[in-house]
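Have a look at these structures, which come just after this line.
Both complexes shown next keep chain A, but they swap its partner, so chain B is in the first and chain C is in the second.
So, the complex of A and B:
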């Protein structure tokens, strides 16, 4: 029973053992470390930050980040250290370069294009009934003369009544 | 003119489709090396056979050579070892070995068992040099020129096809070295 509970405790502790803990001389260093390891991407595991991965390489990179923070290097220096070795891939926020501008502005460009298209369509749809009538009169009619006469009669009777109502 | 405007969304869709389809055939695991055309990182590490002897980046200069990052824990390294033996022992190409995060004792046993194609083997037990090189998965194979500058990186197994490509690149690099 005693051994059983000990085993259970060990099993509970296992996930905590997967990622090592570091001691920091300053609270600020610890905060910077925690931020840094979330922003650096693990090169072997593709879509994990080095804080999330238990790959040996991610552990090495965490060790290096810890070492450099303790030695007093700035965040920019650490980032440059990583990019110089692993390329831009290692950073979750891609820098703005001639190769990455499309990543930064692509969505904005698409949004503007979409908005323009919507605006155009909306404007074309916004046609008053008078304009429709005018358009219809310009178009060659597919109706026979009799039908045309009847249509005109109908159009005259109904709307004119309402117009008179509004006038009075 | 207006009639053709109708096809704009289709054209955009096809354009994106072709672009994204291309992405399917890219291996996301192959990352460009940040060290291409940069000198080999400085190091001072023991040699595998003579632990007393220290090797440095200057030991890798002099000729166009391969540098192979390997370890006994790496299954693909075992698969490519035969090919490396052919390149190093039969074709006589200089290959430097970087024994990455490994037990030197196991590494010596491995080379005794499977033959040793390496001209020199550097022991990088804690992976610090690997980190400076941007190694993210063994095996990796680099081409170094005579000045010890990194010219190319291949990640993954070196098989016959990869070797033919590497060989061509090495010949081109050696040729440009002769011109200077």
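So, the complex of A and C:
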């Protein structure tokens, strides 16, 4: 059934739902648990966080996360433990490495380039107040050369169009 | 017989659309009016034959013709009739047929509605749309025909439609999304026609604006419907997962949003012409890229693509042809375009340029995040996952910037806006927004959340800034006549921008104030939070037409008083043995109660998930506002009037020639 599930959204994930009830000794632990199970990816599922997956491995990982939080390990330690075991694949937040710098900084570089482009374009088109006045005084009916050209073109194509109108 | 008729009419539609892509194009090029005139009847013919093909496929589904492979895989005798109809687009082959049928529909709409366009433009536009139709029809006929048969031994019972898709959401989500995706081909075709004719002027932007607005509105609606469907159907209450398939629809949306703004500048001011063309090309190319990502299987695994490359290669080829071809044309033609006017750094033009930069950078970010793991995997650099933490970290700041500039843009003027005007006009909305943010946050919840405060501030900022602009406009000519004088485009814009504010409120509230409890509940157990008490009364067996179900009964008390009873279900669809969670919802404008059943535990106890989702409806409400705004703006009579004026301008010329 490779082509079975075909609605666009459908390749999301297997819908089986995992609901368990873990007890936490602290409210902070529960908050951290809920955060962490959403950041870890189920290694055997298609594209699902372990919080949402019904797969046995995901259930094991949830139990591990719960155990380690209850035993007082830090978030960093737990994440490192998981990554050592299952590779970078298991963490939805890709690491900063020489291979992922484009991923993290590419958009930022683009944004800076975009800002520079805005400045450059606006400066190239810059108008002085005198010009503004001159432009405002232009008659509204005056046509630019481009509009003139279009008007000519319209006049040329006009007979065809109206004939077509009468026919249809 | 009927399925063969379907294939036959698909082939006929292909023949007609091949003629449509060649003859009017040559006619427009050589000035042969007769050849261009073929475009309209051909567009009608393509639509007629594809409608027939759709009817044939629908007939096969309704009569349970399991000798057709596609029907046997995606339907079942026990399926209710309305799901048999929506099952037409429940699978790969059928959804492609729906796609191309919608493409034919848009072609027909352009053919009918654009009587007043210059003949060479309409010929080229329809020819380009014919080329796209032909490519998709070739794809269907060679790699994915929905009319293929199982012969001679066909199954007596079908495999059933995926239970996830047996839902109202599936009936409406794909057609709306495809209307948007495919509608972008209209903007694309106008852009290509403008490039080919060498007339990249304001008129081009005016012609394609209403079409682009409508396509954008449908795309918005389609994405919102998908999000809503995922929310109630998948069972864990998420509404956006940053899944590659969702990203595939978000990317064209981001660029299309940039496009509708850029078209406005091009039409009104005659600047950014070549940039607008580039956006129109990109928006449609991203639609195709999304199709490639979803249909080729590269998302599941880069290697799945290599083992069954036929379909993926076809779309990849099409993608390269469309992007490469149109960019080549762009490179040849767009260089000669000159701007018609100038503007200052502080002006509405610049603000719209900033809007475009932010939207395209966001789109590039989503693209990088979606493709990066695929590229790394195919280069054997290791497997990584790019998920919600990455996208949220980059997307949210970009959109926050966007909201700030969106407020600034409200009172800006074309050409030049003195900085002191911004200060003088917007200090009050700024202060009001800050106060309103603190007050609304404090009224709702005393636990201080800085991110909620920021979200509320941005939402109020947008609202107050645009109210400022609105009141300025009314003050000029008295309230009543002012209200009447504003154009539909203006009201559409206002509504769309208000939709952004509503959406921002929804996101901030539901992300940070959601409350969620998973509990093991035996009969009589109760869980209490946020004024509500949930009491589990046990579960019982229920049988549906094509499923069996365990239905829980949960009494909800509000502040100790009986409020309502909710019935979450756990269903097993018998044909596929698939287990589905059917959530129980108590929707409300300010909060949803969301109850889902997990596994059965011992002694009649069940694992139950209860969620309190504040303002979750505002997400889709905001999207509906935007959709309505887009449609309202597109319906502005000014586009039709302008077209009539073009026609009237043509009249005297004809009279003088004939005399």
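Operating definition for what follows: the second predicted complex is superposed on the first by the 88 of 168 C-alpha atoms of A that agree within 3 Å, B and C clash if a C-alpha of one lies under 4 Å from a C-alpha of the other, contacts with A are read in each partner's own complex, and residues count from 1 in each chain.
Just so we're on the same page, contacts are C-beta pairs under 8 Å (C-beta built on N, C-alpha and C of every residue); 3 or more make two chains touch, one makes a residue touch a chain.
Source: prediction; values computed, not measured.
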Inset, instruction - Considering only touches as defined above, state whether A:25 meets chain B (first), chain C (second), both or neither. - result: neither
Legend entry - Per-residue contact with chain A, leading partner among chain C and chain B: C
Inset, instruction - Could you look at A:44 and tell me whether it touches chain B, chain C, both or neither (first, second, both, neither)? - result: first
Inset, instruction - Mind working out whether A:74 is in touch with chain B, chain C, both or neither, as first, second, both or neither? - result: neither
Inset, instruction - Considering only the touch criterion stated at the top, classify A:89 as touching first (chain B), second (chain C), both, or neither. - result: both
Legend entry - Partner chain in contact with A:111 - chain B first, chain C second, else both or neither: second
Inset, instruction - Considering only the touch criterion stated at the top, classify A:103 as touching first (chain B), second (chain C), both, or neither. - result: second
Inset, instruction - Based on the superposed arrangement, let me know which partner A:119 touches: chain B (first), chain C (second), both, or neither? - result: second
Inset, instruction - Once the structures are superposed on A, label A:152 by its partner contacts, choosing first (chain B), second (chain C), both or neither. - result: neither
Inset, instruction - Return first, second, both or neither, reflecting whether A:56 touches chain B, chain C, both chains, or no partner chain. - result: first
Legend entry - Touching both chain C and chain B, counted on chain A across the two superposed complexes: 46, 87, 89
Legend entry - Contact footprint of chain A on chain C as seen in their complex: 33, 37, 40, 73, 89-92, 95, 115-116, 118-120, 162, 164-165, 170, 173-174, 177, 199, 201-203, 226, 229-230, 233-236, 238, 241, 243-246, 248-249, 270-271, 290, 294, 297, 299-300, 304, 308, 338-345, 347, 349-350, 353-354, 357-358, 360-362, 364-365, 368-369, 372, 376, 381-390, 394, 398, 415-416, 516, 518-520, 579-581, 596-599, 607-609, 646-647, 649-651, 653-654, 657-658
Inset, instruction - Under the touch definition given earlier, write down the residues of chain B that touch chain A in their complex. - result: 28-29, 31-35, 101, 127, 131-134, 136-137
Legend entry - chain A residues within the chain C interface of the complex: 2-13, 15-22, 34, 38-39, 41, 46-47, 49, 51-52, 87-95, 99-100, 102-104, 106-107, 110-111, 114-115, 117-119, 121-123, 125-127, 131-132, 135, 144, 146-147, 150-151, 153-155, 157-165, 168
Inset, instruction - Give every residue of chain A touching chain B within the complex, in rising order. - result: 43-44, 46, 56-57, 60-61, 64, 83-87, 89
